[in-house]
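Next come two complexes, and both contain subunit A; in the first it sits with subunit B, in the second with subunit C.
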Partner chain A sequence: MRIKTLLILFCLVLPQISLADGPPKSLNSPEGVSAISPGSELWRAVRQRDGEVLEGVSQVKSVDSGMLINARGDQWARFRISKLTTYGGIAIAAVFVIVILLYVVRGKIPIEGGLSGRMVRRFTDYERIVHWTLAIVFLFLTITGLILLLGKPLLIPLFGKEVFSVFASASKEGHNLFGPLFLVSLIMIFLSFARRNIYEKGDLTWLLKGGGIIGDGHVSGGFFNMGEKTWYWMVILIGFAIAISGLILVSPVFGQGRWIMELSHVIHTIGALILITVSIGHMYLGSIGSEGAMEGMKSGYVDINWADAHHDRWGKKCHDENLIISAEEYARLQGRKPDDTAELATEQGK
Partner chain B sequence: MARMKFYCDAERCIECNACVTACKNEHEIPWGVNRRRVVTIKDGEQGERSLSVACMHCSDAPCAVVCPVDCFYTTGDGIVLHDKDICIGCGYCFYACPFGAPQFPKDAAFASRGKMDKCTFCAGGPEEDHSSDEYKKYGRNRLSEGKLPLCAEMCSTKALLAGDADVIADIYRKRVVNRGASAFNWGGSEIKG
Partner chain C sequence: MIEYLIDGPLWYFSLAVFVIGVLWQLGSIVFAGRKGDLSVARGNATSSGFKNIFSRFIPHREIAPQIGVQVVAGYLFHLGLFALLFFAAPHVLFLEENLLGFGWTPMPHWAFIMASQAAFLGLIILWVRRMTNPVSRLISTLDDHIVAILTFVVMLTGCLALLEGFNALRLLHRFTVELWLIYFPFSALMHTFTFIPSRAFTGAWFGRRGIDA
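Up next, the complex of A and B:
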C-alpha cells in the first residue's frame, strides 16, 4: 500500500523533474517558460498583428470571404468619423466665414471707370454649356455627398433618423446615378479649356502679388490668370482622382476588396473636400466678389473695361484685333445671336 | 441582463459548414447572402484551423461608428441589430467590420447595393416580435422564444457556442483545463514557474 502511494507520487513528480532538467530554462527559473504557443503565433498572424495578411479559404465565395480579420476596417471607420467628418465640416464652414469677411472688408470689387457698355466675346455657347453642366453636376454631387458625410452629426439631431434616412437614401441613389456625369463633363471641360490654361510668362508675377486680393490695383493677366489656371488644373487633376475612385466605389461587382474600397473612399472624400472648399471661393469671385465677372458665363460677353482691368493682356489683344462690339450691336445680338458674329468674336480666345 | 456572445473553438471546428446551412435555412436568407461562414486557415497544411464567423456583436461596433444614417442599435442583451427601414445600403459597415459580417443582396439596378443583412443572433429586428415583417426582413426571432441561435444549437462538435458570456466563458475555461496536458506540452505562455 505504501509502495503504491509512493509510486503515484513519483509519477506525479516525474514530469516536473523532466521539465526542470530540460533546456534552455527551468520551470522554476525567475524568467518562466520562454516557449511560445504555436496557437498564439497562428492567431497573431490571423489578426495581422505584424502587418502581414494570412488568407484562409471559405466555402462562401464572396469578396474577402477568406480573410478572417480585417484589421484596417476599424482604423478606416474611425478616420472617417473623427478626421474626415470633423475637419471637412470645419474647412467648409471656415471658407464660408473667410468669403463673408472678404465681402465685408473688400466688398464687390468695382471696375475702374465703370461699365462702358462696349462688349467683347469671351466664351462660346458650347463653352458656357460645358461650364454650367459641370457646375450643376458638381453642385448636385456636393450637396448629396455632404448629406452623406455630415448628415449624421448635423441633420439627424434636427430631423430624426427616419426622415434623414429618406434624404440619405435619395442622396446615395442620386450621387451614384449622376456621379458618372461628372466624369463626362470633366472630359468636356478638359477638351474645351486645356489650351488656354497652360501656364505662361507672367503667371509667377501674378502669384507673387497675391492675385490682387491683398492691396490695391489689378495684377496683369492673360485670358485666364494664374489663379484661374490653378483652379482649372485642380479641377482636372483632383476631379479625375475623384471620378476614378468614385467609379471604383459605385460598382462593387468587380471583386475589389475592402482595402481598395477604403482607400478609394478616403481619396474620394479628401479630393471632394478640397474642390468644394476652393469652389466656394471660385463661386464668390465669379459672382458677388467681382463686378462684371458673371457676365462672361451668363451671356458669353464681357465689358471691355472689365477685360482691361482683370485680363489686361487679353484686353489689349481685343483692342488690337478690333473685336469690341458696341452696346447697340450687343443688344441686337442678345436678341438674335447670329452665329457668324459669335464665331468671329470667339477666335481671340483661342 | 445577459451579455450574449458567440465563441468558436478552433480546436473543435471541423469545417462541416452545418452552421452556415442551418442559418440560411432558418432565416430563409436570399441567394448570395451568407450571415455566417466558415474560414479555414492553412488549409491542407500542418496546423490547419477552421473557424465559424458571423457578426460578433461587438461592444463598440465599428459598423455603428461608421454608419452614416445611424441604423445600428445594441439590445439589452448586448446584441448589435440594425433597422433595415433606415439602412441605405452604402456598404460602409462592410468596410469597417473586422469580421466581414455585413452582407448585401445584389438585386438593385446598376449593381447598387440593397439593404444590409447580417447575423441577428437569432433575435429578429426592431419590428414586433414574431410578426411577418420581422421574419421577412430579419429572419426568425428564436431568442424571444427562449432559444439560442440555431447555428450554435446544432453544431455537431459543439465548437460553436452561443449564449451568455459568463456561461460561454465557463464552458471554455473547463475545456482549457481539460486540455491542460496538451497546453503543457506546448509550453503555454500562461504557465509560469
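Up next, the complex of A and C:
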C-alpha cells in the first residue's frame, strides 16, 4: 500500500519537476533554497536504503515476486564483481607464482637414498579410478567455472564480447551438467578413503613441524600424513558444500528465494576458489614437485624408499609384513619384461 | 562458408562414408566364407548362439567381482548414450526433419540431463580404467583411445550447445559428429553393429561342440 501511495504521489509530482527551470538547487547553494525532490524519497523507499525490507503485492505468485527492487541483490553483485572476481583471480595467480618459485628454488624433492626399484602396493585399481574420475571432473568444472567467474575481465579484452558469450554459454551448460558428477565422484572418494584419513596420534607433530619445513630432520607419517589428511577432508567438506550449493543454484524450483541463491553462489565460489588454489599445490607435490609420488596414482605401486621417506610408519608396516616386491616382479605386473626394470625406474623418477 | 560446408557437403560426405563403410564391413564379414563344420554336432548351435546374445549381458559369476566397475560403467555409458542418441529432443527433431520424415516422443529435459550425466560418468570411468589397469592398458590400441576421446568430444560439444542459442556451438557439435561418422566404420565403434552377430557366432560355435559359452 505504501509503495502504491508513493507511486501515485510520484506520478502527480513528476510533471512539476520536469516543468521546473533547470536542476533543483541545493540547500547550501548561494543562489537560493529549494525543496528536496519527492522523487528521491520515493526511490529511497523503493531501493530500501533505510534497511527496511518492503514486500509489495503482485499478480505473479512466486518467491520474491512482491519485491520491486532487490537491494541485497545489488550488494551481492557488487561483492561478486569487486571482491570475488578480483581476489579470486589474484589468489589463483599467486599460488601459481609460489609453485613456480618453489620449483625454481627447491626443484624436485629427491628420495633419500634414491629409487630402490623395489615396490609396494599403495592404491588399488578402483581407488585410482575413483581418484582420476574426480580429478577429470574437477578440472573440467574448474576451467568452466573460472571462465564464468573471470571470463568477463580476462577473456572479453582478448576475444571480444561475442566470442566470450559463446564461451560463457558453453561453460555454463557444461558446468551445470558436470556438477552432479562431482557429487557422485565425491561420494565414491569418501567411501574409498575415509577410514585411512581419520586423524591419529602423531599427526599434530607433523603439523607443528610444518610437514618437515620447520626444524631439522624427518617428520613421521602414516599411510597418509597430516597434510594429505587435511587436504582430503577439505575436499570432502568443502566439496560437499560446493556440490549442495551448486544443486541449489542449478535447480531454482524448490522455492528458494534470491537471498538463498545469492548465499549459495557466494559459498559455491569461495569454496571452489579454496579447492582450486590448494589443488594446484596438490598437483605440484603429486607430480613434478616430489620424486616418485606420481607413481602411486599411476601404477598403484610406490618405491619402498619413497614410502620410508614420506610415510615411514606405513613403510615400516610394509617391511614387517613383507609386502615389498622386487623390481622384476613389478615389471611383470606392469606387463614389462624383467629387463625393463631400468626403464621403469626412470619413468618412476619423472 | 564454414556453416555451408558443415551443414551441406561435409554432412552428406560423412553420412555416405558411414553408410557405405558400415555396409562394406558387415558385408565383408557375412560374405567372408568359411569351411563347413563336418564334425558331429554335440549340441544345438542355433539355440546356443541365440542364448549367448543375451547371456553375455550379465558377467560370469566367477569374474564379476573383478570387473564390477567395468560392467556398471559400461551400462551407464551405453544406455546413457543410446537414450541421448535416439530420445533427446533435438536429435528426434533432427532425424525427423533431415532423414526419416517422422519422429517420436522425446524424453523430458530432466531425463535428457540424467542420461547425459550417466553417459559421461560411464565413459570417464571406462577410459580411466583402460589407462590405470595394467592389462587393459597393454591390450589397448591407439584406436581404442581415439574412439573414447572422439565419442567424449562429440557428447561434450552436444552438451555445451544445450542452450541452442549459438550457431557456432551447433556447428561445432555437428562437425564433431561428422568426424565421428567418418571414423566409425574403420574403428572399434563397429562393435555397435557386430556385437550381436559376434556373440551369436561364438555361442553357436561352442554350442555345436557341447560347450556352454
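The rule is simple: the second predicted complex is superposed on the first by the 274 of 350 C-alpha atoms of A that agree within 3 Å, B and C clash if a C-alpha of one lies under 4 Å from a C-alpha of the other, contacts with A are read in each partner's own complex, and residues count from 1 in each chain.
The criterion applied here is as follows: contacts are C-beta pairs under 8 Å (C-beta built on N, C-alpha and C of every residue); 3 or more make two chains touch, one makes a residue touch a chain.
Worth saying up front: this structure is predicted, and the values here are computed from it rather than measured.
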For this session: Give one of first, second, both or neither to describe whether A:169 is in contact with subunit B, with subunit C, with both, or with none.
Result: both
For A:126 in the superposed arrangement: first (subunit B), second (subunit C), both or neither?
second
Answer with first, second, both or neither: which of subunit B and subunit C does A:314 touch in the superposed model? neither
Exercise. In the superposed arrangement, which partner chain does A:67 touch: subunit B (first), subunit C (second), both, or neither?
Worked result: first
Could you say whether A:193 touches subunit B, subunit C, both of them, or neither, answering first, second, both or neither?
neither
**Prompt:** After superposition on the shared chain, which partner residues are touched by A:177: those of subunit B (first), subunit C (second), both, or neither?
**Reply:** both
- Query: If you stack the two complexes on chain A, which partner ends up touching A:301: first (subunit B), second (subunit C), both, or neither?
  - Reply: neither
Between subunit B and subunit C, more residues of subunit A are touched by B
- Query: Thinking of the overlay built on chain A, is A:136 touched by subunit B (first), by subunit C (second), by both, or by neither?
  - Reply: second
Shared subunit A footprint, subunit B vs subunit C, residue numbers 165, 169, 172-173, 177
The residues of subunit A that touch subunit B in their complex are 15, 26-30, 32-33, 35-40, 42, 46, 54, 56-60, 62, 64-71, 73-74, 76-78, 80-81, 148-149, 151-152, 156, 161-162, 164-165, 168-169, 172-173, 176-177, 250-253, 258, 261-262, 265
Listed in rising order, the residues of subunit C that touch subunit A in the complex are 69, 113, 116-117, 120-121, 124-125, 128-129, 131-135, 137-138, 156, 159-163, 165-166, 168-169
Residue positions on subunit B within touch of subunit A in the complex are 10, 17, 20, 32, 34, 37-43, 47, 49, 51, 53, 62-63, 65-71, 83, 85-92, 94-100, 103-104, 106, 110-113, 183-184, 186-189, 191-193
Within the complex, subunit C is touched by subunit A residues 125-126, 128-129, 132-133, 136-137, 165-166, 169-174, 177-178, 180-181, 184, 298-300, 333-335
